[in-house]
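Only one structure is covered here, and it is reproduced in the block below.
Order of writing sets the labels: A, B and C. Residues in every chain begin at 1.
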Amino acid sequence: MLSFLTPARRGSGLGMAMPALLLLLAFFVIPVAGLLSRSVTEPVAGLQNYETLLGSATYLRIFFNTFLVSGLVTLITALIAFPVAWALAIMPSRVAAVVFAIILLSMWTNLLARTYAWMVLLQQTGLVNRILMATGIIDQPVQLTNNLVGVTIGMVYIMLPFMILPLYGVIKKIDPAILQAAALCGATKGQALRRVLLPLATPGIASGALMVFVMSLGYFVTPSLLGGTANMMVAELIVQQVQSLLNWGMGGAAAFILLVVTLALYALQLRLFEGRAR
Amino acid sequence: MQMKSLLAVAFVAMAASAANAQQMVFTSWGGTTQDAQTEFWAAPFTEKSGTAVLQDGPTDYGKIKAMVEAGAVAWDVVDTEFDWALQAGKAGLLEPLDFGVIDKAKLDPRFVSDYAVGSFYYSFVIGFNPANFSGEAQPQTMADLFDTAKFPGKRTFYKWSAPGVIEAALLADGVPANQLYPLDLDRAFKKLDTIKSSIIWWEGGAQSQQLLASGEAPIGLFWNGRLAALQADGMPVGISWQDNITAADALVVPKGARNKEAAMAFIAEATSAKAQADFATKTGYAPINLDSPSLMEADLRATLPDAQTANQINADMAYWAEHRDEIGNRWYAWQAE
Amino acid sequence: MLMNFDKLGAWRWILSGICALMALFLLLPILFIVALSFGNSRWLIFPPPGWTLKWYGELFADPRWLQAAFTSAKIAAIVMVLSVAIGLLASLALVRGRFRGRAVLRGFFLTPMVLPVVIIAVALYAAFLRLGLNGTLVGFVIAHLIVALPFAIITISGALETFDPSIEDAAILCGASPWEARFRVTLPAISHGLFSAAIFSFLISWDEVVLAIFMASPTLQTLPVKVWTTLRQDLTPVIAAASTLLVLLTVVLMIAAALIRKGKSR
């Protein structure tokens, strides 16, 4: 188990994964497999649920939208989170404490309340539009809700802490001497950022991005309230099928497709990532 | 020895069933609506019968289906949408109601079926902010609601697939009220297409009020009770009852409910004249007991759909129950297009 | 250079500016909610026509708010502890273990995040009906643990990956037992990861509404369910009042923590 002292035995460490494994097997895999299997038995046995979903341009667009929005949210969150986490790691600790307090504060406030607040703030008659008009940036209200803008703002807002915190942990532990060495070797700030800091922060970005992207895929509340129906995501489709129409076959099929595509993307990312590491 | 333990088991079982008879579970949508149901339906029922009513919620159809499938039904009476109730009754998810206990004769026949009776009913009416349409003519008809040239601005409609908006679109397109059913979905969606980019959907009653009050959507199709509440709060609201479309909530008993008898007795109490009148007075929804209006104050009665039967259209619940899935799938796919 | 704030030059202002903008972005809806809680407009009109405390009165008049908040906090606290403990073990296995299929296992641990929660909710609810766990605290905790665990595993294994295990070996060479080394060397080194995992786990449970709707019973209601039904039915500023009180509580706790830390460092 230990890297140098004990020779690595095959199978070692698996025991520590057991609590999580058993928990998920009993209360996730078995129940969910039962529900997903209904996708080929309801309303009648066969693959017609999958045919309906994959054969219709509308449903395909919903899947496409889901990955598009999730990708966009992940990208924007990362672009904001990296400089913030970096600044937090090196700022005077008193200032950093205040910024941390604000991040925690935003997370504490009820998710639904925050989303509703954004909905009211971003309306055409809302505060954001009025401020923008009063300051002369725009002449007439711009549409900020019921479209991609609204859902992106709302989701980035919720996802930011999930990217900042892991990234902060990683950057904080980077040895300043490494960057000093880079400077001694004549690297400019830009080069040091690209060649040293960013690569060293990559594990943090990767775990944050993974969390944000995957979490966004299954998200329901925010897209439903801020995104409007034209940007419908898979989770909304599934909620309609499962809770309103009681069509668990169709809902299960949509969930299964989402799961397969996501795991395929994960496998692809793993292959690319490991391929590069070698 | 064995006899003794058997007796003990029997005793415990009896005690348990006696305890069960003392309480039942009522499930509704939460908020002030359920508070009013607790106050005017459950409290008098407990007083008369001695059966405590536990409040649960929000109503979730997925939960009902899972309970019935597992044969472990925790809810005794549930407030649902009426068209869902009719469909679920046919699908075997509900107990037939006991009309020996519930007095059918006094209930509005529009909202009575084998598996469900009305909980309360309401009309979809045109609501608008008079400030936005001051100089010009004010919107009156469904055609006006769909006319963005004459009445510019966002419109707000109920987001979920339910009776109301499809009917409104067809009426706006010139379908006579008596020829609405069977619904011409192609025609309805074509009409809805003409204003699609101007639609903001409301997910719950409270959101519809916020949209109108803030001016975000100066016009839309609302539940009448929500507009009455805005007016009572001092907001200027215009209402047009032209072609108002009625729909209802239902009280149902899930199949296999543990306290069926108490459930029937609760529904009887909840649909009694006094309980319905008190609930309507508090919430602005209309009573489904025919004797209730006479128990209510005159000025309040004037705000109810009852007073607007002249140009009223009853959404065909039986038709909706029959085609709920088909319409729902098209509705949500159209929204996502 | 890049890790020294004072030597960043002009970049310092760029970083500070981004931080300030983000703080503003995060604060905007919270300040809005606080303002609404004192406004007398029932329909969230801003700025409100007048100011009032009546939403706080309504909040305290309804004991269900406090009950729900207490239930939520209790469930979230239990979920947090279990999630971090189980997540730590699983992360050690994923990062340090030497067994086949680690990547597969890692992917598997993520699946509860991918599926929309409503799928898990319906499936778990049906299973719990048969096990008699629905409406119980245990059922609630299990449900939230399933969705919180992936977050704990991702954050903790992320932190473990940047930790050099040879430091642990050094501790063992100096005479520490393997578990002692883990507790006294590894855990402090990944404390940021554990802290993030704890916060995420707590908040996932604290804010979760879909599973909560399914797991709720008349005697077990959490805050998000109460907020959800109230928002849909009433949209009353009472929700803003409740949120404001939570913000206040958080601020007080943070200031207290800061003071304690200051006292200690003296």
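Structural remarks
Simple rule for what comes next: a residue touches a chain if its C-beta (ideal position, glycine included) is under 8 Å from a C-beta of that chain, and two chains touch if they have at least 3 such contacts.
None of the values given here were measured: they were computed from a predicted structure.
Listed by label, the chains that touch subunit A and also subunit C are B. The pair with more inter-chain C-beta contacts, choosing from A-B and B-C, is B-C.
Mean C-alpha position of subunit A lies 15 Å from that of subunit C. Chain geometry summary: the mean Cα position of subunit B and that of subunit C are 36 Å apart. Of all residues in subunit B, those that touch two or more other chains are 60, 62, 203, 210, 214. In subunit C, the residues that reach two or more other chains under the touch definition are 44, 118, 122, 126, 228, 231, 235. Residue positions of subunit A with contacts to 2 or more other chains are 120, 126, 242-243, 248.
Against subunit C, in their complex, subunit B makes its touches with residues 25, 29-34, 54-58, 60, 62-63, 66-67, 69-70, 72, 74, 203-207, 209-210, 213-214, 230, 233, 235.
On the subunit B side of its complex with subunit A, the touching residues are 60-62, 65, 91, 154, 159-161, 200-201, 203, 210, 214-216, 324-325, 328-329, 332-333, 335-337. Subunit A contributes residues 1-5, 8-21, 23-24, 27-28, 30-32, 34-36, 80, 83-84, 86-92, 97-99, 101-114, 116-118, 120-121, 126-127, 157, 160-162, 165-166, 168-170, 172-174, 176, 179-180, 182-183, 189, 192-193, 196-197, 203-204, 206-208, 210-211, 214-215, 217-221, 234-235, 238-239, 242-243, 248, 251-252, 255, 258-259, 262-263, 266-267, 270 to its touches with subunit C in the complex. Interface residues of subunit A, counted against subunit B in their complex, comprise 56, 58-59, 61-62, 120, 123-126, 146, 224-225, 228-230, 232, 237, 240, 242-248. Against subunit A, in their complex, subunit C makes its touches with residues 1-5, 8-9, 11, 14-16, 18-19, 22-23, 25-30, 32-33, 36, 44, 46, 86-87, 89-90, 92-94, 96-100, 103, 105, 107-120, 122-124, 126-127, 142-143, 145-146, 149-151, 153-155, 157-159, 161-162, 165-166, 168-169, 172-173, 178, 192-193, 195-196, 199-200, 203, 207, 209-210, 223-224, 227-228, 231, 235, 239-240, 242-243, 246-247, 250-251, 254, 258.
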